[in-house]
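Listed after this line are the structures, all set down as C-alpha cells.
Next come two complexes built around chain A: one with chain B, the other with chain C.
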Partner chain A sequence: MKHVRVLLVDDEEDLVVTLAERLAIRGFDADWAVTADSALELLRGKTYDVAVLDVKLPGISGLELKNHMAEIDSGLNFIFMTGHGSQEDFMAGSAAAGESNYLWKPVDIDALAQKIKRMANRDN
Partner chain B sequence: MAFKINLKPKFWDYRDVAAGPYRNLFSLRRIWYLSVFLTAGAALAPVFFLAAIDYQVTQKAIESENMLRLSRLVSNARRTLSFFLVERQSAMEFLSRDNSFESLSKPSRLFDILRNLKTSFGGFTDLGLIDESGRQITYIGPYDLDSADYSDQKWFEEVKAQGSYTSDVFLGFRRSPHMVLAVYCDMGGDRGFVLRATIETEDIHQKLLQVETGSVSDLFIVNHDGVLQTDSRSYGGILERLSVPVPERADSTRILERRGEGGETLYVGYAYIDETPFILMAVKNKSEMMRPWLKARRQITTYLLGSIAIILMVVLAVATYLVSRIHAADQRRVATLHQVEYTNKLASIGRLAAGVAHEINNPLAIINEKAGLIMDLLRPQPEAALRTRLIEQTEVISASVKRCATITRRLLGFARRMDVSVESVNLREVIESVLSFLRNEAQYRSINIDIQIDPEIPDFDSDRGKLQQVFLNLINNAFAALEDGGNVTFKADLISENSIRVSVIDDGCGIAPEDLKRVFEPFFSTRTKQGGTGLGLSITYGLVQEIGGSIDVTSRVGEGTRFDIILPLKPETMK
Partner chain C sequence: MPAFPQTAGWGGLKFFGRISASISHELKNALSIVNENAGLLEDLALLADSKGGLDIERVKALSASIGRQVKRADNIIRNMNKFAHTVDFEIKTFDLQEYLELTAAVSARLLAAKSMTLKVIPAGQQVSLTTSPFFLLYLIWHLLDCCSQWPGPEKSLDVSFSRDGGVISICFKGCMTQEPGFMTQVMDGDSQALLTLLGANIAPGTRPHEMEVHIPETPPGV
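Up next, the complex of A and B:
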C-alpha cells in the first residue's frame, strides 16, 4: 500500500517532530516544518496528500499559508490545529476550513490519523 | 436626640472615599456651611440694614411729631390765654373811652357796667375808677375799697406809663385766685383816670383745661419769678414756687428736654405771653409721648424676626436640597466608576485567563504527543512487567493532559471579550460554565447544587457574557449566605412565549426585611468586614436591566433567599 504523504507545520518543533514520528509509526510518510518558508520549500520538492497546519504561525496565519500552498499544489488537502481561542473561535475556524477539518490542541493522534486517511482515500 | 438624628441629612457624614488624601476638600458639610453662611449673609444684611434705617427714621419721625404736637398745644393755649386777657383789656379800654370820667364816677353807671361785663365776659369781680392822683373815686365790688389811695403803688405808676397793667395772680375774695387788670385813659392836659378791675382766674384755669392736652400733660402758668399762677399737676398748687428754673425768655414757643424728679425725661414746652407777667408751660413725659414709637418698634422687631426666620428656613432648605443633589450625583458617579472598574477587572481577568490558557495549550500538546509517542514505542515491545507499568503511568499522563485541556478550554470559553453582543445562548450551557468554576468550592463545603431547567426552554438570543456575570454574582452571593452542607437550586421556567424566569434559590441565612429593600443599592453590604464591596448585586441589577430583564428578591431570615430573574427570549427588549 502506498504511504499517505503528510506535511506537518507548527512552530513548536517538539510537537511537530513527535507528531511526525507517531504518524510514521502508524504508517504515514510524515515530513515536518517549523516555518512557512521551509514548508513551502518542502512542498515544491515533493507532492503531499495532506498538510496539517497550525492556525497561528510566526508572521503568517494558517489560512494564509493554506492559500500559498494551494497555489503550488491545488490537490493538497488541509487540516488545521489550534491551541488558541474558544469553542466559538473553533467553530468560526471550522467554517472557513471546511467541516471537521479543524482540531483542538492537544490533538488525539488516532482521530488525526483517521482524518488524514479519509482525506487521502477520498482523493484516490 | 432622635429628632436631631432624623433631621440630619444623608450627606452630613459623607466622605468621598475615592478622594483619598484630599477627601477633606470634598466635604459636603463644608459646602453646606459655606452656602448657608454666604446666602444667609447676603440675604440678611440688607434686611438688617433696612430695619436699622426704618428704626431710626420712625423714631425720629415720631419724636418730631410729638414735639410738633406739644408746640401746637402750647401755642393754642397761649392764644387762648392771650385772647382772654386782651378781650377783657380791650373791653375796659373801650369803656374808658366811651364813658366820660363824670359818668363813670356815678356808682349806678359803674354798677351797670360791671353787671354788663359780668354778663358779656364773665370773671369780673369788681370795678373801680381811680383819678389821676391815685385816689379811688368810685368802687363797685365786694371789698371795702371806697376812697382807697393807690398813688404810691407801683402798678399805678406802671399803668399810667404804659396805658395798661396786668397783675400777678393773688388769692383774693373768698380765697379764690384773682388778678387785676387796669387801663389808663388820657383825657389830655395831664388829666386822666384809671379803670381797674379784678378778675377771677378760675376762668383761665377752666380755659386751659379745655385745651386738648392729652391725659398726661401738665399745662399751667407761672409768672416771671417762677410763682405758679394756676394749679400744676406736677409742680404744686397755685402761688407755690416752681421747683425748676424759669425758662429763658423767647418770642416764640419753645420745647426743652428736662429730667424730672424721678429721673424720667420730660419735654417742657413754654411760651411768654406778651405784655403780661405770664409764662405758659406744658410738661409731658417723654416715655408716654413715645408710646406710639413702642408700638412701631414692636412691629419693626416682629417684621425683622419674621424675615430672619423665613430667610433662614429657605436658605437652610435650599442649601440642604442642593447639597443632597450633589451628594446623590456624587454617589452615582462613584458607583459608575466602581462598576466600570469592576467590569474592567472582569475583562482583564478574562484576557489574562485566555492568555494563560493559550500559553499552556502548546506545552500541553507537546506533553500529550510525547506521552503518546512513549505509548506508541512501548506497545510493540514484548510483554514485561516494566512495559505494563510504563504504559499505566503514561496513560495517567495522557488522562491528566486531557483534564488540563478541558480546563483551558473552559477558561477560554468563559473569558471571551465582555463586549460581545447578542448571540444564541443555551441556558443550561451558560449555567454549567459558571458552575464549573465553583464545583470545587461546592464539593469542599458539601453544598448541593441542583439544576432544574424546563426542557421546553429553547436556545435564545442574549448577551452571554452578561448572563454569565449575573449568574456568577448570584451564585457567589448564595454561597456566601450558605452554611456548609446547604442547597442551591437553579430553576428555569418558561413563563410566557417571550420570557423565561430563572430563579436562584438558597436555604442560607436569609436577609433581614429592613435590608431587603436595599440589597440592590450600590455600596450596601452587610459583609463589608468580609471584604464585600456592596456592589455585586447592584451591578447584577444593572446587567439584568441591560439585557432587558428584571430581577426581584424574596427572603426570610433563617429560611433562605430567592432571586427571580425574568429574561426576554427575544433581544428586541434589550437595552
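Up next, the complex of A and C:
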C-alpha cells in the first residue's frame, strides 16, 4: 500500500518530531522541518500529499509559506495548526485552508490523521 | 508623578492584553508538546503490548522532553505573575536588570516572529530605579516593537544600561535608528505620554544603529 506523504512544519522541534513519529506509527511517511527554508528545501527534493503548517513561524507566516510551497507544488494540500485562540488568526487560517482544515493545538492525532488521509484520498 | 492621560491608560491596557495573549500562546505551545509526548508514550505502550519490545531510550527522551516543557511552562508562569504584579505599585524602587530581563522574556515571541534575538547586557553593578514599573515596561516594549520592525543587518538586539549621576541610560543597539521613519514610529502612539510620565527622553545613540532612553533615577514630582 502506498504511504501518504506528509510534511510537518513548526518551529517547536520537540512538537514536530513527536508528531512525525506518531504519524509514522499510523502508517504515514512523515517528514518535518522547523524553518520555512528547510521546508522548501525538502519540498524541492520530494513530492508530498499534504503539508501541515503552523500559522506563525519565525520571520514568515504559515500563509506566506503556503504560497511559496504552492509555487513549487501546485497540487499540495494544506492543513494549518495554531496555538492562538484569536478570532483574527482563525479567520486568516480558515480563509486560507478552509475551516475544516484548521486545527487548534494541542492537536488530536487521530483527527489530524483522518484529515490527512481524506485529503490524500481525494487526490488519488 | 504626573497623572497618566486616559488615552495612554487605554494603550496600557492594550499592551497588557497583547502580552497576556502572547504568554497564553507560549503556554499552549508547551502544553502541545507535553500532549504529543504523552500521546507518543501511549502509542509506544500499545505497540509494546501488541508486538513486544519497548525502546527504553526513546521513553527516556520523551520523559526528558516533558520535563523540559514543564520547566519552560513554569518559567512562563513566573514571568506572567511578575508581569501581572507590575501594576501593584504606581511607583516602586526596583533592580533595572531584573525588569529588563522580564521585558525581554515577555517580548521574545514578538521578536522571534521577525527572526530577531534579544540580549540584555548586565551593567556590572546593580542599577536601581524608582519609577512606575508597568509604564517603564510599556515604553521598553514599544521600543522593542519598533526595533523589530526596523531590524539591523545582524537581526540581533542588545539592550545595555548604565547610571551617570542621577540619570539612567538604556541603550538599544541593532536597529535601523537612522532610517527616516524610525523615530516617527518611536514617537507614535503613547510614547510622548509615557516619556512625560517617566520624565524620560529618547535620543539617537552615539554610534550607528543605536538609540538611548534617559530616565531620572527618581521620577519628576517625587
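The definition used in the following text is that the second predicted complex is superposed on the first by the 117 of 124 C-alpha atoms of A that agree within 3 Å, B and C clash if a C-alpha of one lies under 4 Å from a C-alpha of the other, contacts with A are read in each partner's own complex, and residues count from 1 in each chain.
Here is the rule we use: contacts are C-beta pairs under 8 Å (C-beta built on N, C-alpha and C of every residue); 3 or more make two chains touch, one makes a residue touch a chain.
None of these values were measured; they are calculated from a predicted model.
Peer 1: When the two structures are superposed on chain A, do chain B and chain C clash or fit side by side?
Peer 2: Once chain A is superposed (C-alpha atoms), there is a clash between chain B and chain C.
Peer 1: Given the touch rule stated above, what does A:75 touch, chain B (first), chain C (second), both, or neither?
Peer 2: Once the two structures are laid over each other on A, A:75 reaches no partner at all.
Peer 1: Given the touch rule stated above, what does A:105 touch, chain B (first), chain C (second), both, or neither?
Peer 2: both
Peer 1: Touching A:83 in the superposition: chain B (first), chain C (second), both, neither?
Peer 2: The answer is both, since A:83 touches chain B and chain C.
Peer 1: Could you look at A:58 and tell me whether it touches chain B, chain C, both or neither (first, second, both, neither)?
Peer 2: Only chain C; A:58 stays clear of chain B.
Peer 1: Check the residue A:45 against both partner chains and state whether it touches chain B (first), chain C (second), both, or neither.
Peer 2: Neither partner.
Peer 1: Stretches 133-141, 187-195, 241-249 or 367-375 of chain B: which one clashes with chain C?
Peer 2: That would be 367-375, the only stretch with clashing C-alpha atoms.
Peer 1: Name the residues of chain A shared by its contacts with chain B and its contacts with chain C.
Peer 2: 12, 14-15, 18-19, 21-22, 25, 83-86, 105-107, 109
Peer 1: How about chain A: which of its residues touch chain C in the complex?
Peer 2: 11-12, 14-15, 18-19, 21-22, 25, 56, 58-59, 83-86, 105-107, 109
Peer 1: Give every residue of chain A touching chain B within the complex, in rising order.
Peer 2: 12, 14-15, 18-19, 21-22, 25-26, 83-89, 104-107, 109
Peer 1: Once bound in the complex, which stretches of chain B touch chain A?
Peer 2: 354, 358, 361-362, 364-370, 372-373, 376-377, 401, 405, 409, 412-413, 416
Peer 1: Which part of chain C faces chain A closely enough to touch in the complex?
Peer 2: 21, 24-25, 28-29, 31-33, 35-37, 39-40, 43, 47, 62, 65, 68-69, 112-115
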